[in-house]
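Structure below; questions to follow.
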């Protein structure tokens, strides 16, 4: 019953095997090795983007902040959902990497509507040099509260961005889970919609710590390389990033693991619904936010469920508190069913 | 005959075994796991520094730049050797992480003398707010051209820094190799001399990609954590960094691997000396810079030796060009002897 | 009928006289002159703050951004009203000078309530290193939409800041006008409430371009000096800043000019009220935001009134548009009465 | 005998007159006034550069740092003389404004030779993403130790920059004095040589505090405006900067004042030569560095001469210490002759 995060579970065994296989002989460092080149090509193939530049980094925050740094100037602002990861959980990394750009918060949840986005962009138009300039639009799929944009919704957001000539960043820490949920291809969820730079996350889907940044316009590529090095994110023993990603790309592991995670979450979501639990997440992939009385949370945790509560845990027992459940590829149905069974007992 | 870098060879098998062993069950992320805590304690023990704060990051550039960012203000300058790694090979990462501090280059090689350091510090004293303020002193051991400071030399540099009240950063990408060369303990090469923050490198000594930053004054610790997160260097699946470092710390692997690398380099160095080769490195650990006619380099490379030439490779055959040979833990005596034998043939 | 801004009118003649008087003989630069020292002491006296450090800069944006840079770390966030000048009209200068701190927008207007401030601060508490840390609180009086906080309101905001141990910045581009409106002393509107750094603006009250930054805790003083120089805001011919400020401080010019501006605005405000105009500003000093049909605005402007419209001017005639009227010290009652008379005619 | 700096003397009376003349009526702020537009056009005319963008700022450090910020990326390095003002006297402002670019010090004095510049640029070519990239070349005329490049020398430096495709920044805090010394036009000392952005300084030549930044490629103009605002260097009451610059441009005041300063310095230089004084400055305009025994300096200062000594003033009387003499437009021959007469007496 470990639902704390999709970074809590083990890496898939194929990842370990790939590391072992790569751990032989000598190679040049910093990505100048055959395995890295092979993986870059596989990602270009997967994304049907033969011109794309592909880079591997170790963390999602690095991937996002570096991506924004090539899309946004220091005197500009990034439009994103009010509760985006880049707002809440990166300790000002976007501001750091962009050299001090602002984030303009759109809406009040983890998703934006096209109308909200348009309105926020339009509001940054009348002040000339006094206000920040319009910079990039950053979209997250799967979003922070577990909601998944449909392709149509993503297209509508990208269309607004393009109408104003703004580049689009896709935070894809859970790119695979979104693809699985939408039953779409990576190309359909990225450049075909107008995404300029996509993060194709691996860490939250069975790798040890690798994210690919896919830059569809190769003119931005060398600047990205320089900023990656300047940020300390160019790994010398690059083959160990490449090996993980290679396992991910082999036999659709990325998609299969995402599907496993989503399947567990669907089981969980349906179970919660049946129990009449107040669900915050409306369009889930592998993350579910939900409300329960604090006492019920405490009882679940006492029974062995591990997950985070959001906000105040100090109130009286009866107060309603939001919890977050995340399913990773490994959690399986047994854990989910035990959780639901405990909850059923508690609510009874 | 692969002497390109100590990041070219394989990770030690114990590292793979440790990763596999760690790859089971669920843990909290971001370093909130038992293995990370155990490794932090082992490093405190190794350094005989019970109060030290210990953090793991993925690259040496990250380790150095983050260390400097808690030692140096944006309006200050870092004193370091003219050919330090932080000057030449980090694409302005120190400037980025410090918010725009300057690097004052001391001397013209990879090492500073205490007199040069004192003179450089004194030169920054007469301009009040007009010039940068004196910030940190950054020392590298093993230095970039392969030279190893003795403990007495390090002590003299630290004494100069302390005389002016300046904190000391030790770039220890090859900390282990320096310890092995000096036959000293980590404490003797760090806080006992006055080092404030030491980088204890693993990547160039058999790990896949982990460096420990050891902060002897814990008052700087939380700021480091925030800057690490802001830089995108807080790994969520921290156990995989910790597992590597744990293998490193078990049965003195860090020291044994360093000794292997140094032994190979000593064999190589002695062989080059016997052949009358012009050696730039004077006090080697596992890196050797040397001069040869370009033709000799080309013949060596044609025979299968892999290593970097520094600077102009386009001149006439007879011109003297500097080469760099780096021995890693795995290279062994056979490769060295073959290299020397090829060179003997070529020079004959 | 020139109500575009309080930076639109002429400097007071005493300012020109002071410049002329200062323009004789030789002095050392960068503030090392007697006139600067005299002015610094006069400001300490005015603020009843004998320990305060006082610095002169040329623009309000410089004053605010430099003040925040000594109160807030790059990994922190500044709490301020959603429509603060530092948010809307400084093109990311606060982010630039703080090295990438965030601004957390409180409420949705130009003022914060203590409850809103507390709630925003509390919301930044649960994420550890993942979110930005709590930094400074920034308060503006007179606020951007012309509202003036009472001393009690300011005290309540400062109390919230102090409860969380956060420093307080007071953006006082219109400090004088606020003092005049509140009939209070500078000390009563600054350190006596808990303000740590106050901007005492001159540019919007009859000077050519000088703002004083008053730092009540002198421990932050030297860092401010370094950041001022690093920002390019240390004027070499400092006597010309000092001379302007000296005129400002002589015979209460600062207060008299502010009173003139406020008197004109009061006349205007009362006239608008009598005409039944929808007034946005509730507690005015010398700035008034108000709503009119676009046609009425256009008619006023055609009649010679100069002032800014906020937002969309492209809609149909009947749409309601916000206008901003700013009175400076020089505008006088004749201009105001002519404006009201024109408006009376138009609305009739 | 006030030779401390050319920022020590009074502003020219015409500057005060121009301020007074400008101090009437109402204008829009931030440069949207007729006088600013007129002055911008006059500078375009003076520089024979009808397409140039012209901006006014208040300090030389702001002018230089902002200019570099539109010429150089954070991951690049600026090539400049080892003792350039941007190195020694701007407290890391170039690093701040460029977002952390490096300065590569060329030569060891205040001037570079083309060979030194070429060598420094070439040295930054072999490290790919590991080292900083080649950014801008920054040249100062008049240089920090008082030396004036000839047009041929400037052309040779610009040619090296252009050979590598690098933009050129001209630090012209003493642009006028250099023009006067070289008897050339502003165009001949700027874009005709390949300069991309020139600073046309007024503060050190009789203004209160205004520098013009002349950007010959208007594509960089709007970015400059944004960075100026973000740096807090956009003055709201712009007419007072414009008025000063207007006086400067009227009846060749800029050139006449520079000629006066240079004439005084020439008188001084010749006098020092006749007295056999060891002169460091070889090609003076209005600044002279020279060596004297400390005792002689002390005697001069006791006699009323005001000027700075460089470096150690604490040695024994006989030690040789460098002094700096700067002539401004107002100093005149009487002061110079009195100084020489005192020195003659002292040396006798």
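In order of appearance the chains are A, B, C and D, and numbering begins at 1 in each one.
Operating definition for what follows: a contact is a pair of C-beta atoms (placed from the backbone, for glycine too) under 8 Å apart; a residue touches a chain by one contact, two chains touch by 3 or more.
Keep in mind it's a predicted model, so treat the numbers as computed, not measured.
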- Item | Shortest walk length in steps over touching chains, chain A through to chain C | 1
- Task: Using the touch rule from the top, work out which pair, A-D or C-D, shares more C-beta pairs.
- Result: C-D
- Quick one: chain B and chain D, Cα centre-to-centre, how many Å? 41
- Between chain C and chain D, centroid-to-centroid distance (C-alpha), Å: 34
- Query: Measuring from the mean C-alpha position of chain A to the mean C-alpha position of chain D, what distance in angstrom results?
  - Reply: 51
- Query: If you look at chain B, which of its residues touch at least two other chains?
  - Reply: 74-75, 90-92, 96, 99-100, 129-130, 133, 226, 229-230, 234
- Query: Touching chain C in the complex: which residues of chain A?
  - Reply: 74-77, 88-92, 95-96, 99-103, 105, 126-127, 129-133, 310-311
- Message: Could you list, by residue number, the parts of chain A that touch chain B in their complex?
- Response: 2, 4-5, 7-11, 13, 16, 19-20, 23-29, 57-66, 90-93, 96-97, 203-204, 208-209, 226, 229-237, 240, 306
- Message: Under the definition above, what is the set of chain B residues touching chain C in their complex?
- Response: 30, 73-75, 99-100, 129-130, 133, 223, 225-230, 234
